[in-house]
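We just call them A, B, C, D, E and F in the order they show up, numbering each chain from 1.
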Amino acid sequence: MTQLENGSVPDSYPQLGGIVADLSNLRRASQQRRYRNGRPPELPSRDATIEIIDGLVASLYPRHFGPPELTIASTDGFVLYTLDKSLRALQEQIRRELQLAANGSDDGHTDFRPRAHEITSAFAAALPEVRALLDTDIRAAYEGDPAAKSLDEIVFSYPGLAAILRYRLAHRLYGLGAPTLARLVSEVAHSATGIDIHPGAEIGEGFFIDHGTGVVIGETAVIGKNVRLYQAVTLGAKRFELDENGALVKGGARHPIIEDDVVIYAGATVLGRITIGRGSVIGGNVWLTHSVPPGSNITQAKPRSESFDDGGGI
Amino acid sequence: MTQLENGSVPDSYPQLGGIVADLSNLRRASQQRRYRNGRPPELPSRDATIEIIDGLVASLYPRHFGPPELTIASTDGFVLYTLDKSLRALQEQIRRELQLAANGSDDGHTDFRPRAHEITSAFAAALPEVRALLDTDIRAAYEGDPAAKSLDEIVFSYPGLAAILRYRLAHRLYGLGAPTLARLVSEVAHSATGIDIHPGAEIGEGFFIDHGTGVVIGETAVIGKNVRLYQAVTLGAKRFELDENGALVKGGARHPIIEDDVVIYAGATVLGRITIGRGSVIGGNVWLTHSVPPGSNITQAKPRSESFDDGGGI
Amino acid sequence: MTQLENGSVPDSYPQLGGIVADLSNLRRASQQRRYRNGRPPELPSRDATIEIIDGLVASLYPRHFGPPELTIASTDGFVLYTLDKSLRALQEQIRRELQLAANGSDDGHTDFRPRAHEITSAFAAALPEVRALLDTDIRAAYEGDPAAKSLDEIVFSYPGLAAILRYRLAHRLYGLGAPTLARLVSEVAHSATGIDIHPGAEIGEGFFIDHGTGVVIGETAVIGKNVRLYQAVTLGAKRFELDENGALVKGGARHPIIEDDVVIYAGATVLGRITIGRGSVIGGNVWLTHSVPPGSNITQAKPRSESFDDGGGI
Amino acid sequence: MTQLENGSVPDSYPQLGGIVADLSNLRRASQQRRYRNGRPPELPSRDATIEIIDGLVASLYPRHFGPPELTIASTDGFVLYTLDKSLRALQEQIRRELQLAANGSDDGHTDFRPRAHEITSAFAAALPEVRALLDTDIRAAYEGDPAAKSLDEIVFSYPGLAAILRYRLAHRLYGLGAPTLARLVSEVAHSATGIDIHPGAEIGEGFFIDHGTGVVIGETAVIGKNVRLYQAVTLGAKRFELDENGALVKGGARHPIIEDDVVIYAGATVLGRITIGRGSVIGGNVWLTHSVPPGSNITQAKPRSESFDDGGGI
Amino acid sequence: MTQLENGSVPDSYPQLGGIVADLSNLRRASQQRRYRNGRPPELPSRDATIEIIDGLVASLYPRHFGPPELTIASTDGFVLYTLDKSLRALQEQIRRELQLAANGSDDGHTDFRPRAHEITSAFAAALPEVRALLDTDIRAAYEGDPAAKSLDEIVFSYPGLAAILRYRLAHRLYGLGAPTLARLVSEVAHSATGIDIHPGAEIGEGFFIDHGTGVVIGETAVIGKNVRLYQAVTLGAKRFELDENGALVKGGARHPIIEDDVVIYAGATVLGRITIGRGSVIGGNVWLTHSVPPGSNITQAKPRSESFDDGGGI
Amino acid sequence: MTQLENGSVPDSYPQLGGIVADLSNLRRASQQRRYRNGRPPELPSRDATIEIIDGLVASLYPRHFGPPELTIASTDGFVLYTLDKSLRALQEQIRRELQLAANGSDDGHTDFRPRAHEITSAFAAALPEVRALLDTDIRAAYEGDPAAKSLDEIVFSYPGLAAILRYRLAHRLYGLGAPTLARLVSEVAHSATGIDIHPGAEIGEGFFIDHGTGVVIGETAVIGKNVRLYQAVTLGAKRFELDENGALVKGGARHPIIEDDVVIYAGATVLGRITIGRGSVIGGNVWLTHSVPPGSNITQAKPRSESFDDGGGI
């Protein structure tokens, strides 16, 4: 709270009117370029999306993420009420995405609500399957981490599970035709956990990420069952291909296929549409750009020990 | 707020009842597997734990993390009130952890409050020592970072200090028999800073982490005095040993010992129960799996410069 | 809420008085060392700074970060009101930084408000330019990421843009003489995105960071136009130089110069006052401590494939 | 937060399912009676209405009811933004009222938004006139109350002004065809001040109510300029007339006309379509059911002093 | 936020320590007088009680007082969840009241939870009946008020209904043995509406209070069916009887009996255990201390009109 | 949240700019009239004042109005911290009142902080005495109300006590030279309880108001010890005297003196500087404008019972 007493203290910004006008002009110019034929469409709301996802997460695991006073008797009531509320709110966000996507090719009069309702209904129908998949992930974490004390602990404190939970929801949205919203969901998880899983990736059951900070999994990655990753693993694309005009070639499978039961240790970088064969182990910090057969063990070159010359301070 | 007008807009999810029932069955099955003999125990609460830790942090550094209107006269009052409130709330969370841990081996009628009170009291008694240790960490940051302008700036803006502060609290909880709660505290810090310090690690005075994103310090790591780490340093275990049945061998010292006055630059990976001798300097991105004597300087192999072939896009 | 019934439950901490006194003594001792001549100065407030930055961000991109109900008609009103409020609050925080910085060399009676007002006014005047620069960054993200669906999506969901937005604000504060506040702003962005850009760095238009977790850009780095970075890239200093007394040599250009149109892939580490020539491409995980000419392509040494010996578990 | 430990404590309500079903049946029966042809219409929202009125009040008197940090420069911005937001929200509430009112006579497919927009626009256009009228009320309070210290004090602390302010807004809504919303506004003021002014009443400039608790002013009351009332004054109807079927005769002028410059002291009851002539003074607790000419002075019969027989305890 | 700069501004209260000690002594003395044998019992919480009542009200009328996004499908879920939560919280408040009441006569070791559970269960079982009664009250308001536009309007805006709703809940608590909590509920309604109905009063179906400010209904009042009251009506006791020691004689029927179909106009005062016969009409401001037969019409003495002598200003 | 789809829905208010300009002109004109020589002074803040009073009330009765988790050990800490915070905030509000009061007679450069500090310090010093007085009021309520179950119940649920508590604080502010703030405090209590006690009134120990709605106590009233009032009692002035110019004669004792041990029943109106002698009982609805000797019993004239002619509907 500004407390400005006495005339002698400077406390106004006479140029403010001009700044506001300049910003207004910049906005207007930018919008005119993009939305020539009318006013800008409504955007999906980050805050609303976070609230929706929190509602869905609480519906899937009410004991861990619902309100503290839930009892066995009231849990179904809570889930029914919360799911219904979250799905309606989701439908509105999907409608916005559809309208935003139609911008330019559309006359602005299409009612996207019926399509948004279809997507939302299909999403809702998939929730029990999502929960069943997540239960395999929780079990995988319990079995893969010597420090895990209980399944419950994993649900309420492991960042890997937090990221996978949101990924599995985002992946359904992505598949049903709401990729922008799906991306928003995965970015919210990315911000909280440092784990960046593109909602387009395909990931099988029993997936476990330990520590997780810096993990990046690309859009067309395919991950089998019971795969385990550590922090800072990248499943990325090789450098992007450009077409004859120097523009990016979009789409196309460009990220790795990780078969069942693979373990990839911290800091490994796996790039391009290569296949890591079933049961392989990729060592920490390995840089890998070619396929390896099932059962491979890949490790990094040994470092040198030598005299001081440079370091890594900032 | 959903605004649904006119009958023509689809806005209900007739299958919702079935979805809620499916989710209910999944929950019930999962709980029955784990809590055969009764209803599930209460879980420690993430929100409550965050509030407790914020209260403890404000009690340790009221000028930096307490309410803005504190004065010298009122600070002790604030600390007394806040500590008392935070300790009581902590005691309840510890009680829940004890009860959760006893699940299965316990008939469900033990009153864990007396034990929770003992742990909480011991934790409280250690707070002045924790604050004294943290003061050495703050000083280390000031001396180690050429950009640091004041001790105060370090306290209110350095992520390394934020992580160490919570680690030092979590470490006490871990040592006193509340490892799940300790883990929750460290995960909260991990989410905010990208620094993942296991509460079981032993860390001496004057510890400094610069930048910090991606740092991982394992459960049995031992770190001496005046050690300095940069971002993305891992102090990890080698691949887990399995017993004859293929199950993880749990426990046992499996992370490095870092002696006094060591500096480890960004991205270095130090694995296994090895010892980095006093005063050593480990260069950036180094991969180290064997002990080095005091005063060592370790750097990475030189990179090649060569023609374009692959990259690291996603 | 603690519910303690009946006398048999332990619920008080008799030693609390002593703990509070110990903490009080530690605080007093610490403050006496630093503020011998009076009471400690007010600190900049992290919460207030976050609110200020949120207000500025909403003023620059009201459609994306302002309240949901804004219309074309009311947006200028919102921007005027929000900017005015945010600037006043910023001025107060700048005043606190100036006073904190003067501590020791000052008699405690200087009124820093006029100087804080000058800085704030200059900062305000730069906002349209900041917005224009950010528009180039948004366009660069759109052109650089094959997954980007619209400019709007980048603004509301890309962590790279979130970090650059706050960096560009912090950089102005830094240049105008409020480096501590600038640092606080960049640490808030760091916590949310895992991207750590020092506000002192100079960064040209059209800057794009993809994924971003673990990126570190040092204080004296200079980055040209249309540069693209991926996650975990470090633009750091070599090990710090010490003077004859073993103290850090502060100041001086010690971070890389990245010329226009350079791309640096994930995990690359570029250290020291070296120059990466225009249009160069630095491959993933490369470790680079010497300058390279324009148009260079640098890649990492190939990894070995070999039998199992160690890994990277924690 | 309920903390229920151990199986011995009763903490569930087995009959809850049946209660919920009973309540559900009661709701369904009630709605079926009233909304035979479909689902119930949306109701105007009390919370939304309170927020709208608070926004309008802050737009009319931003220095007193706006946020604390407003400056001359930013006030117009605040008013523009707040008015626009409040009017849009008001339009939606008016739409709901129109739809609720049309229930039964309507097929449910009418779009009431255009009409709601017209009403809202007309309401907006009247705001400067409302503010001008309120300024006369404030002045009247200042001149009428020997205890008033400043005009500002009246605005921020007098309950009479708070009630009149909301009445003047509600009266416009009433006149424009939103009587239910108008009533809601006046009930919110009634709850806060104990002053119950029906939005249908006509009240001239310079109106002042002192203390105010218990004042009731009926729907068809007409009050001239510069009238002053004290607490517990009723301007009511005589007993309602019934038609030949015993049903209430609705509508029709049934409350008093109070001419200019009248003062009515505390507790007076004035009933029926009578006229209190200009400049009259009605004494405290007077019961008046016939017209009085201009300049009248009416007082109550004298009480008796006598021995104790009964009282007024509860 | 106090912003105190420079040493010259007075901003501390040196005598604060002494004031705190004085207040502490006053508290301790007061508590010692009352709770000689131990520490003071927990008090029922006003905030918790308000939240409980809001939850119960929303459970009874979810369309009017529940969250805005409820649908037919989700309403039962909401009611189940909200009722369960509210009942548990209520049980805890009842436990506190029982313990508070037992203070002195109790050794402090009784577990009042089983009894609190019984009361709460009985209260829950009565809710459908309460709702059915309230529906008659709503209909009575609709039929009794010429200004009422719909049943919905009455539910969300009439203060009389708000007070009766809370009275009917409080009355059940009172009857089940939680009179202090019941009183708290009725005082919360009193504060919001100015209507003070003691929870002990017996009130039949179809009860309507118009305007309502100042209505007081005493503990032993008995009100029949279809009774209508206006503002400022008192149904009180005669002056309290004292026993031979001058102490109040507590208990005993001391308030009026109002038979079916009675109307009592504004400001009427009805005192003592008298009976107002069925179908009577009591005029405004009447003072009545004796029974009247069915069908009576009672009005006030006529006022005098005379010259100015005194008034009612404050 | 407005959701406006499709171009056909009206959703903007083109005349908004003009309305904002009109309101701006009205504001400017009004301020120019009053603050010719500069910008308007800051106003005391209603929200801040409410928070201050809540803090003071919690400091006086921490067990009843403090946070739920207080223990004997932490209460003094809470009181110290809360008092200090509340007093500082109070000092700022007092400063504003002083500056507002000086407007016109002052050059705008006076620093009112020292005087505000003096007043605040004196106010603080009086708090123990205020608490001691309130304890007598609580006891009086307990003894005077046959329905009171415990002293605690009176503190947390009786509106009379809530009003007296705030009156006793406001009265100190009034006496120390902050009458506007004092008035604000009493209006906040008035809004919550319907009891309007002017902070200038002098009220002795053991004061009890039952029910309370509609009670009005004027500025110069003097009330002795152990006085009891019921709802709707007015202790007012006769009609205001005018001077030869027709302006109100301000100041001067114009409200009643109520001696010790008087009881005044509901609805009684006592006007002018008269004296109600010690131990008198004033019956309900009595209208009294002359002094009565000690021990008087005053009751109202008997009502007539007669045929129906008019009523009190609205």
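FYI, a contact is a pair of C-beta atoms (placed from the backbone, for glycine too) under 8 Å apart; a residue touches a chain by one contact, two chains touch by 3 or more.
Since the model is a prediction, treat every value here as computed from it, not as a measurement.
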{"item": "Steps needed, at minimum, to go from chain A to chain D via contacts", "value": "1"}
{"item": "Same vs different contact residues, chain B with chain C, by half of numbers used", "value": "different"}
{"item": "Which of A-C and A-E has more C-beta contact pairs", "value": "A-C"}
{"item": "Whole-Å separation of chain centres (CA-atom averages), chain C against chain E", "value": "56"}
{"item": "Length of the line joining the C-alpha centres of chain D and chain F, rounded to whole Å", "value": "23"}
{"item": "For chain E, residues contacting two or more additional chains", "value": "1-3, 11, 13, 16-17, 20, 68-69, 71-74, 76-77, 79-80, 83-84, 88-89, 92, 111, 194, 198, 211, 213-214, 216, 219, 232, 234, 236, 239-240, 265-267, 269, 271, 281, 284-285, 300-301, 308, 310-314"}
{"item": "Interface residues, chain C side, partner chain B - complex", "value": "2, 9-11, 13, 15-17, 19-24, 26-27, 30-31, 34, 39-40, 43-46, 100-101, 179-180, 183-184, 187, 190-191, 194, 196, 198, 210-211, 213-214, 216, 219, 230, 232, 234, 236, 239-240, 248-251, 263, 265-269, 271, 281, 283-288, 292, 296-301, 308, 310-314"}
{"item": "Touch list for chain F against partner chain E, complex", "value": "59-60, 62-64, 68, 72, 75-76, 79-80, 83-84, 87-89, 91-92, 111, 113-114, 117, 120-121, 124-125, 127-128, 131-132, 135, 143-144, 146-147, 149-153, 156-159, 192-194, 198, 211, 213-214, 216, 218-219, 231-232, 234, 236-240, 255, 265-267, 269, 271-272, 281, 284-285, 289, 300-314"}
{"item": "Residues on chain C engaged by chain D in the complex (per definition of touch)", "value": "1, 3, 67, 69-71, 73-74, 76-85, 88-89"}
{"item": "Contact set on chain A toward chain D in their complex", "value": "1-2, 11-14, 16-17, 20, 68-69, 71-74, 77"}
